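The first chain written gets the first letter, and so on, giving A, B and C; residue counts start at 1 in each chain.
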Amino acid sequence: MSTAESATPSRTTSPATEATTPPAGGTATATAPGPGPRRTPGLVPVTETRGTAERTPREPEPGRAGGPAAPLPRRAGAFWRLLGSELGLTFRRPRNLLMLSVLAIVPIIIGIALSLVSAPDDGIGGVIASVAGNSLMLTFFAFSFLVLLLMPVTVSVVAGDALAGEAGAGTLRYLLAAPAGRTRLLLVKYLNAAIYAYAATAVVALSSLLTGLVLFPAGPLTLLSGTTISMGEGLVRIAVAVGYVGAAMAALAAVALALSAFTEVSIGAIAATMVLVVVCQVLRAIPELDVITPYLLPARFTDFDAVLRAPIDWAALWDGLLAFAAYIALFGSIAWARFSGKDITS
Amino acid sequence: MTAVTSEAGAPFGAAPPSGGEAIVTRGLTKRFRSGQVAVDTLDLSVPRGSVFGFLGPNGSGKTTTIRMLLGLVKPTAGEYSVLGLPQAEALPRVGALVEGPAFYPYLSGAANLMRFDAADPTAPRATARRRIAEALERVGLSAAAGKRYRHYSLGMRQRLAIAAALLGPRELLVLDEPTNGLDPQGTREVRALVKEIASDGTTVFVSSHLLAEVEQMCTHAAIMRTGRLVAHGTIASLSGGLAARIRVETPDAAGAARVLGALGLADVRTDEGGTVTAELGGHAPERLNAALVGEEVAVRGLAVVRPSLEDVFVRLTGEGFDVDG
Amino acid sequence: MRRGTFVRWGVPIAAAAVIGAAIGAGPVIAAVSGDPVLPERSAEQLLADAAAATGKEGGIPPMSGTVQQTASLGLPSLPALSQAGASSPLSLLSGSHEVKVWYGAADKLRVAMPTQMNETNLIINGGEAWYWDSATNTATRVSVKAPAAPTHTPAPVPQTPDLTPQQAAERLLAQADEHTTVRVINTAEVAGRPVYQLVLSPKDAGSLVQEVRIALDGETYVPLQVQVFAKGSAEPAFQIGFTQVTFTPPAAENFTFTPPAGAKVEENTLALPEEAGRHAEEHAERAKDVAGEAKVVGDGWTTVAVVPFDLNDVTAQASQEGGEGAALLDSVLASATPVSGPWGSGKLISTKLVTALLTDDGRLLVGAVTPEEITRAAGVK
């Protein structure tokens, strides 16, 4: 770095230092508390030119030579390094891995349970029959079940913990003093949560696919519209569903992250997100409130079933993605407004 | 920008001439939303190259000041400048220990340092491992580098936090209560480390509520009380404001007091325990001893008492230095 | 600092404003730009054109789209409705419902009702009709001679062969004039298409209906929307119409249906007309009985139907049949307010659009009229 010899004022304070700091040296200035004009230490006149004049490019590891105010180069890829560090933290954390494995196990349990229900005649019919009839259907069935509660819980734990957890543990102050930069850190935290959301979605899809292939016959897939498509096209539709559900969970992550910026107790942000999800699910069930239903985020979660229609209901998927983008923009900017102006006192 | 636009208007914060101040604040004030004024119009200047003691009882606003300097807390009013640079430029050159260590318990010491190094956009990734090894070596944690933080002792945690502050070449080290939780051996090590770092020309800004610690380590000091600056200057100038006193232990207190008074010493006082003290002024202690003995006053003990920072604090504030705040 | 705070929070506020604007853009733009988007037409001209366009060879042009039906009749909260499920006809009384429609020609039609992780389809292609229900995994083949009239056929315009569309329109309007004011709005849009709105407003003050708006596509004259507005309400009490529509021939795959492997296939040749016939006969008999005792009070928009009605009978029957009917009846009766007057006493059930009076002397009066009007009708013996 840049503490050159020139920048090393000896401890036997130099005249220059003395001159600019009246309270130093000589006599101690006892500024008694109370009213009256205060003595201000003589501040050095601002020389704006100097800071910019010395902004010359420097070799990567400048060492100890060079002027004290020579700008430090911002490393290319520093953002990705921080994101990598964040991802490493998320995917090494035992709690997060445990949640992913629960998401992987649930489709297996569903699959086994469905394979044991050999008689689909007892009124359950429909979806279950089609799951038993085709291995790919289990993925959609698992989604329609997990997307209501378990996947939102998983995602809000990671996103709700993102800022509140660091604040509560005190690591946030060291990250910001590093300096990670508030906007940059927030962006990294959100990308991390979104990637985790997609990872959770992919885990459900992969586990369901494998379970389905083991337990049920492979082959052409019957859609909800009664049309039959090839297995290859079925896999493509699973990929589309993963893209949609992942985006849904990423939108929820934005809400959880915004709540996370308001507290230092991560369980508070997580619980608040879950309360919102559950309240929305309840509101959805009230027919009088159908007017607001399309604007509720969880109401869009189940719309991935649009890929199971013939033709694919792209309009429903597109509407859903627009809603997710709106939620991400709104709650992302709330998170930013809060976090960039927050006093970090933990 | 480091500078904060205050009610006063113009921001400041461009570089002062080299060899100037590492930290300058002007009218720095923080009023929390609760209405509590943590820091009240603070004017501080920390010369480059100094070891600056930031003294005050707990709750006197030291940590809030440090948080403002590090950009963690936004001042309500006033201005500040760290290393004369904009904040984003200054912070990579500042190593900080704020209010005790805080790390990820499920990561090893080295992995924790890697995490904070990754947060610094100016830190080169290529040299990260070497710099982390060096920092751990410096605080004597090399052997525990791979151990999870959760299993660290209090002293090890504190040293890891200091290692984090030493990850890069620093121009300014801000250490908030660096010896908290350390045993006497650890405290001595930290003091030695601070001296070593300072000898490289790095400015060290140490906050403490322990006067003795500051007296031993620092060249300059500032004293805070309930958010306000009480005194500010070199250690010598701060303690020089109080006269040295002579203390005589004697069975003949009245005689001693008479002799000292006759010699022209000011402020002669007799304590209950038979101890007589007086301002030393320009007198040589050995002469005083000879004079006392010559007047047949038995002297059991004789000492010159120089004032401590605590005495300075008590004199300036008229109250005791409440360590527990 | 405070300035910084305002600037920061300005960002989410701006984001909210943009999102709100995007959501409300349609109605707002429609409201702001009141400029005529279609050439002005009189009601007579419009009806004549519509009759000419839809009456000609080929009828309705090929189209596809999404039809949404919304009802907010102001019915008391009906828990039974939410339990009834989306496929129950009772569920149409409240909330909103959506079906997708593909129309190729008079004998090519697909109507799909998507529900969560399920779908029911009615596919008519030539003489063949399939009904597919994914919930039961059942495909039912129905053979019908002619396609059942789809629900969205244009409003019946009387067409007598010896009348030109112009004459038919004139006659229709002349008949309507007694009770109704008819006007045409040419600035509205439905599903992004400019439409003519035929607005029918009752002249009688006793009617609960503010107006009925029928939207005809400006180009094809296909009815795209029907709205019924209740008095004193800016939102339609009942609405059915396209939320999205395209006038291009739908893909042929929409009209071909092959029962998927593993599905139950039921043949229902001719069963539908027979069944329907039998039911119709029964209903007709009952209706005759009822009609014998039923009468009508008033005319035009304020017509009130008076039917002999024994509450106990109905309750008994409903509870026998069980299910949602009984539940609905219970909740409706629970919300009724007792009233009395010179005509006697009874229970009044009022909604935004319909008022019903159940008198203690065993009559049921129903009409789209105000409670005052219906009690007046109750006095007419």
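The definition used in the following text is that a residue touches a chain if its C-beta (ideal position, glycine included) is under 8 Å from a C-beta of that chain, and two chains touch if they have at least 3 such contacts.
This is a predicted model, so every value here is computed, not measured.
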A student comparing A-B to A-C should find more C-beta pairs in contact for A-B
Give me the ID of the chain with the smallest distance between its Cα centroid and the all-protein Cα centroid. A
As a quick test, compute the distance in whole Å between the mean CA positions of chain B and chain C. 81
Centre-of-Cα separation between chain B and chain A, whole angstrom: 40
How many angstrom lie between the CA centroids of chain A and chain C, rounded to a whole number? 45
Set of chain A residues in contact with two or more other chains: 341
For chain B, residues that touch 2 or more chains besides their own: 74
Could you list which residues of chain C touch at least two other chains? none
Given the complex with chain A, which residues does chain C contribute to the contact? 4-5, 8-9, 11-12, 14-16, 18-19, 22-23, 66, 70, 72, 77, 81-82, 91, 94-96, 100, 112, 114, 116-119, 121, 130, 132, 134-137, 139, 244, 251, 253-254, 257-263
What residues on chain A touch chain B, complex-wise? 1-3, 5-11, 13-14, 16-17, 20-21, 23-33, 38-41, 43-44, 46-48, 50-51, 60-61, 63-64, 67-69, 71-75, 77-79, 81-82, 84-85, 89, 92-94, 169-171, 173-181, 184-185, 341, 343-345
Tell me, which parts of chain B touch chain A in their complex? 12-21, 24, 26-27, 32, 41, 43-45, 47-51, 67, 70-74, 83-89, 91-94, 96, 98-100, 102-104, 106-107, 114-127, 164, 168-171, 200-202, 219-220, 225-226, 228-234, 237-238, 240-241, 312, 316
Which of the residues in chain A end up touching chain C in this complex? 120, 125-127, 129-130, 133, 140-141, 144, 220, 222, 224-228, 285-288, 290-291, 295, 302, 305, 308-311, 313, 315, 326, 329-330, 333-334, 336-337, 340-341
